[in-house]
Amino acid sequence: MRPSGRAPDQLRELTIEPGFTKHAEGSCLISFGDTRVLVTASVEERLPPWLRGKGSGWVTAEYGMLPRSTHTRGNREAARGKQSGRTQEIQRLIGRSLRAVVDLQKLGERQITVDCDVIQADGGTRTASISGAWVAMRMAVDKLMQAGAIGEDPIETQVAAVSCGIYDGTPVLDLDYVEDSNAGSDGNFVLTGDGKIVEAQISAEGERFDDEGLLRLMRLAKMGCTEIFEAQRKASAS
Amino acid sequence: MRPSGRAPDQLRELTIEPGFTKHAEGSCLISFGDTRVLVTASVEERLPPWLRGKGSGWVTAEYGMLPRSTHTRGNREAARGKQSGRTQEIQRLIGRSLRAVVDLQKLGERQITVDCDVIQADGGTRTASISGAWVAMRMAVDKLMQAGAIGEDPIETQVAAVSCGIYDGTPVLDLDYVEDSNAGSDGNFVLTGDGKIVEAQISAEGERFDDEGLLRLMRLAKMGCTEIFEAQRKASAS
Amino acid sequence: MRPSGRAPDQLRELTIEPGFTKHAEGSCLISFGDTRVLVTASVEERLPPWLRGKGSGWVTAEYGMLPRSTHTRGNREAARGKQSGRTQEIQRLIGRSLRAVVDLQKLGERQITVDCDVIQADGGTRTASISGAWVAMRMAVDKLMQAGAIGEDPIETQVAAVSCGIYDGTPVLDLDYVEDSNAGSDGNFVLTGDGKIVEAQISAEGERFDDEGLLRLMRLAKMGCTEIFEAQRKASAS
Amino acid sequence: MRPSGRAPDQLRELTIEPGFTKHAEGSCLISFGDTRVLVTASVEERLPPWLRGKGSGWVTAEYGMLPRSTHTRGNREAARGKQSGRTQEIQRLIGRSLRAVVDLQKLGERQITVDCDVIQADGGTRTASISGAWVAMRMAVDKLMQAGAIGEDPIETQVAAVSCGIYDGTPVLDLDYVEDSNAGSDGNFVLTGDGKIVEAQISAEGERFDDEGLLRLMRLAKMGCTEIFEAQRKASAS
Amino acid sequence: MRPSGRAPDQLRELTIEPGFTKHAEGSCLISFGDTRVLVTASVEERLPPWLRGKGSGWVTAEYGMLPRSTHTRGNREAARGKQSGRTQEIQRLIGRSLRAVVDLQKLGERQITVDCDVIQADGGTRTASISGAWVAMRMAVDKLMQAGAIGEDPIETQVAAVSCGIYDGTPVLDLDYVEDSNAGSDGNFVLTGDGKIVEAQISAEGERFDDEGLLRLMRLAKMGCTEIFEAQRKASAS
Amino acid sequence: MRPSGRAPDQLRELTIEPGFTKHAEGSCLISFGDTRVLVTASVEERLPPWLRGKGSGWVTAEYGMLPRSTHTRGNREAARGKQSGRTQEIQRLIGRSLRAVVDLQKLGERQITVDCDVIQADGGTRTASISGAWVAMRMAVDKLMQAGAIGEDPIETQVAAVSCGIYDGTPVLDLDYVEDSNAGSDGNFVLTGDGKIVEAQISAEGERFDDEGLLRLMRLAKMGCTEIFEAQRKASAS
């Protein structure tokens, strides 16, 4: 029995509010239950030095948690003067996930920076960030295409992410904070709209798992992402 | 004529949404037109080393802007590895403003940290932060009093802030970004519920001003704060 | 009665020693009683990247306190690896104050950096810095004009600063350290030679003040600056 | 055909030289072909503050690359003043992998810090680090047990890691630098001596993969780790 | 012929102004020609953690150059966020030099921090710092002895420093900036009042030297330090 | 009697293993007894900005100690976020020593960076670094000459370094850690193949020394370097 009363393969309530801020070329507020992430996509007509003049664009991401997005207040990374290893790990993952579905040549010599800022955390902030990031990027690219800045759509397919884990012996989908803190092992899966895997990170600090466990988590992740893809399409079409 | 069509002494639409996040002891989303700041107040039963064992509490504040809260994307301070001088100046101002209306002895040996994070910026983010900070702090202190942790109310009166400036020769209240960028001189006024001044910072990078100008700005600030006090009371009572 | 025995509207003994160091284009050692600040103005024929090619110059300032300029030794900011929020606030204020009286177009594409280093502190280091900064800048600009590098004088008028505060219920001019530590509220006023206000920052951490208090402080500041202007003229003419 | 001429399921030549340095409680130089990592395990009779007094120990890891361990010289992280996101990601992974096979209660209130420094890099430095780290930790724990400091062996089983990827359409084991740079997708697998998975991170920046691909990589990883376990046992028994 | 017209064994004009600042327990402004260094000695009744409870004191030093102490303005180290290698090298040398003549047991469990801040630089700032540092330390220790805090004098003898170098083929004493920039090799010698050597650092970036050269520089250094010792005694006795 | 049983003028066992790593243009592992330093020389066809376009090259060095190269584990400088003063002092010394024997004009517009990383420390790591650095640089320059990138040999002579000190009243050569920790005074001497001195740094934290002591240390250093020069020639010729 999950603490929230959800079925093992049940996502938390998922909402995506597109256009949450007015300045960004694309943005949304994505919520998985009490986890809420504000995502913005910013288009800049310049590239990092090592990419200039190669006819190709770039997509990158940054991630942060507001100090009191969590149960107890955490240090503000800007005040501490550096980003934690966890923060860097997550923002690298978001960037790789987005680039996996973008043809950087078609994007042209410009950069899209996606900022994922966690307003409220209850588990699964990195996967919510990825799922929201695709929506914000989609909106920003649509704007570029409408303006005629890009000819052919550089986004090849959707990308979404969800966590799964083994809680109290049972594989469950979309762990909230209570489950995440007690799961023997858990994983984050990044999947694409065409049924492929982009990233899979499975980790067992407590209890080690086997092949069978891995496959069952993978299957749950596919079910979860199918729902997320649907919500992404609705949000970005509105 | 103001770009927004407002009268010289007219605030932007002001809304305060209390309880915006669930973990913080007090929180609100405060909006002055398109300027939106998420404020949380966190209570911690510990003090910075230099205050321990003196029978007194502490109130402090931190401030940040999400990278794409602005018209064009700014650097993430956590990634740059330091807070700008502007950020530090603002968070020091918010902290002083709050402490000016709190009896730290009555607060007891605990610390309230107020985080002001700008979700969307359109001028006046520091004054919106102060006005929202009082609401979040009020809610956190109410919770402490209801729990019996504090006997006597340590908050002596309200505190709110607003900007005023001379735009196109006319003193105007609550400058938005367009006005702020073009004002000859402008100021931020922090006033208390009992009609006193806590901080007044008036600055003229373009056009210098005189005593008379200062007094006219002050008068506008008082009008503006009267309205903000009313909104604070409604928000924190709900 | 002031601890120093001064009248409420009496400045401390003010001396300005121009040309205190030989390398800088302009320099002085300014003293208000026991507060002593070494100010240098350095001319560089280059601009920060964001200003290049716009036909305009720049004036900026940096501020520091020697570790043992104070009653007890403070940390060396270079060793700590960062400037405090207070330091940054002050150096931004000095820079704004100077720019308020300079026509940057007439300065041409060059930068003047004014360094204010506190040799000995006894209250009022930021206002002494501003008052001395004008002298060092004036000397540096005179040198540029004598060399024919600048045609028309870019300095429009003088700028000076002084602190005022309410000490033991009485408004007093030019607070020393003992007064500053005990003042209910105090302010720093930056005024120009043509009788205008450039910056006014009034703050009440202890006791809040009202309009009348603000005006009385302002009046004292004007009296104080009149004397400082006189001393600046003598120093820079020598 | 692999560039090195190896069979798809063939490891590079693997050597582990135990006791490579004399000061550390445990150490080895581990080589997978041209990839060479110097690993030391240091025992300290103290704990990080957040773990003190809980009757439990800690195992952690740090990772670094010598500036010229790579084809072209990279910046020295100590000179740049910060560790890259990649470095932090790797050292967190090494630490989690080791802790997955250690009973921290049995270790007692002490810390083992494993340092993995890459002397020469040719792909697979993080997996070589993990495989060598177990050997160094095993030696250090043996020393503690021989000294009677620890009663019961806190190491539950072996842990080793290897990379696999899809190179030119074929799943291959233990990628070298040339393969790694060209692989469509690749993964790092951390497995335990009892046949379980501790971490699996599979990533596709170029080409996305499916369930079947994931399972084939997993199978290769198991084969590889079986050989590494054998080499670890020999090295740590010597 | 030296650019300054001095004889090869002639010091620049040397002045030591004791008590230059009022807060420090000891202080002086020391000048060797146009090189001017402000030195303060601060006594603190506390020790760094690694020295506590050992019945012994500590003497340490910090060094800095004001940004415009030099011909062209240098970066402010506090603004850059770190001290240069040169700065650290110099402050370590000053600290070692002072400790070489102090009996730390007799000093008792307290720390003397000597700050050497270069007001104006014209070569030889590190040796001027050491020579001035002894005076400031002497004054601070005298104050401690007069107050009865220290029984027996912990300062065993004087310490002073001077530079020598081979300029245009001739060994010369006390190089100024022009000589220093052109010397084939030069050295800094730290000598004690009892005729011993504490530190000798001789370096040849341009032209290499031999034993004979080293001895001739040493002989000049002894002559120079004899004069400096005399000036130190006068200054600290006043 | 030395703790190691060596004669006063006896070096520790010296070995130089050239070509220790495969990527660097030149490299060696140099050992003086238990002190082992891995040295690599990297050639880059670019220069620091301040040297570009002057027809001259540059030679520089970086130094580091692996965290557990020492008896007890030290902090990783990359994790601490800065290099210690000691590290910077040493790497500046290595760079100066190498440049003293290189004609930078003949090197052409390229940079050689020598990295010295201490694998195991037992005293004398800075002098071992210098002695090994010459070998690695020699190999890198040979490669450039063989490739025809350089016409005339820019290396004018050899450079090597050794420490000497007064241990228990006797001048001894090549101090190991135990001797170094107990020596009254010690020095590092950098000598060239043509019998000249490049750097001499003698320091007495405990016991002060005189001219005679200095000369005796110098004589030992010459003897030691003669042996090191021989080993360098053999290693770089292989």
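Details
Letters A, B, C, D, E and F mark the chains as written, and numbering starts fresh at 1 in each.
We adopt the following convention: contacts are C-beta pairs under 8 Å (C-beta built on N, C-alpha and C of every residue); 3 or more make two chains touch, one makes a residue touch a chain.
Quick caveat: nothing in here was measured; it's all calculated off a predicted structure.
Counting only chains that touch, the fewest steps needed to get from chain B to chain D is 2.
If you take chain C and chain E together, no chain is in touch with both.
Both chain B and chain C derive from one sequence, and where they touch, over half of the residue numbers involved are common to the two copies. Centroid to centroid, with C-alpha atoms defining each point, chain E and chain F lie 28 Å apart.
Averaged Cα coordinates give chain A a centre that lies 50 Å from the centre of chain F. Each chain gets a centre from the mean of its Cα atoms; for chain A and chain E, those two points are 59 Å apart. Residue positions of chain D with contacts to 2 or more other chains are 81-82.
Chain-to-chain contact here is organised cyclically: the chains close a single ring, every chain touching exactly two others.
Chains in contact form a single ring whose order, set by starting at chain B and proceeding to chain C, is B, C, E, F, D, A. Across the complex, chain E is touched by residues 21-24, 27, 34, 38, 40, 42, 44, 62, 64, 66-73, 76-83, 87, 113, 115, 117, 119-121 of chain C.
By the touch criterion stated above, chain F contacts chain E in their complex at residues 82, 85-86, 88-89, 91-92, 96, 99-100, 187, 192, 194-205, 208-211, 213-215, 218.
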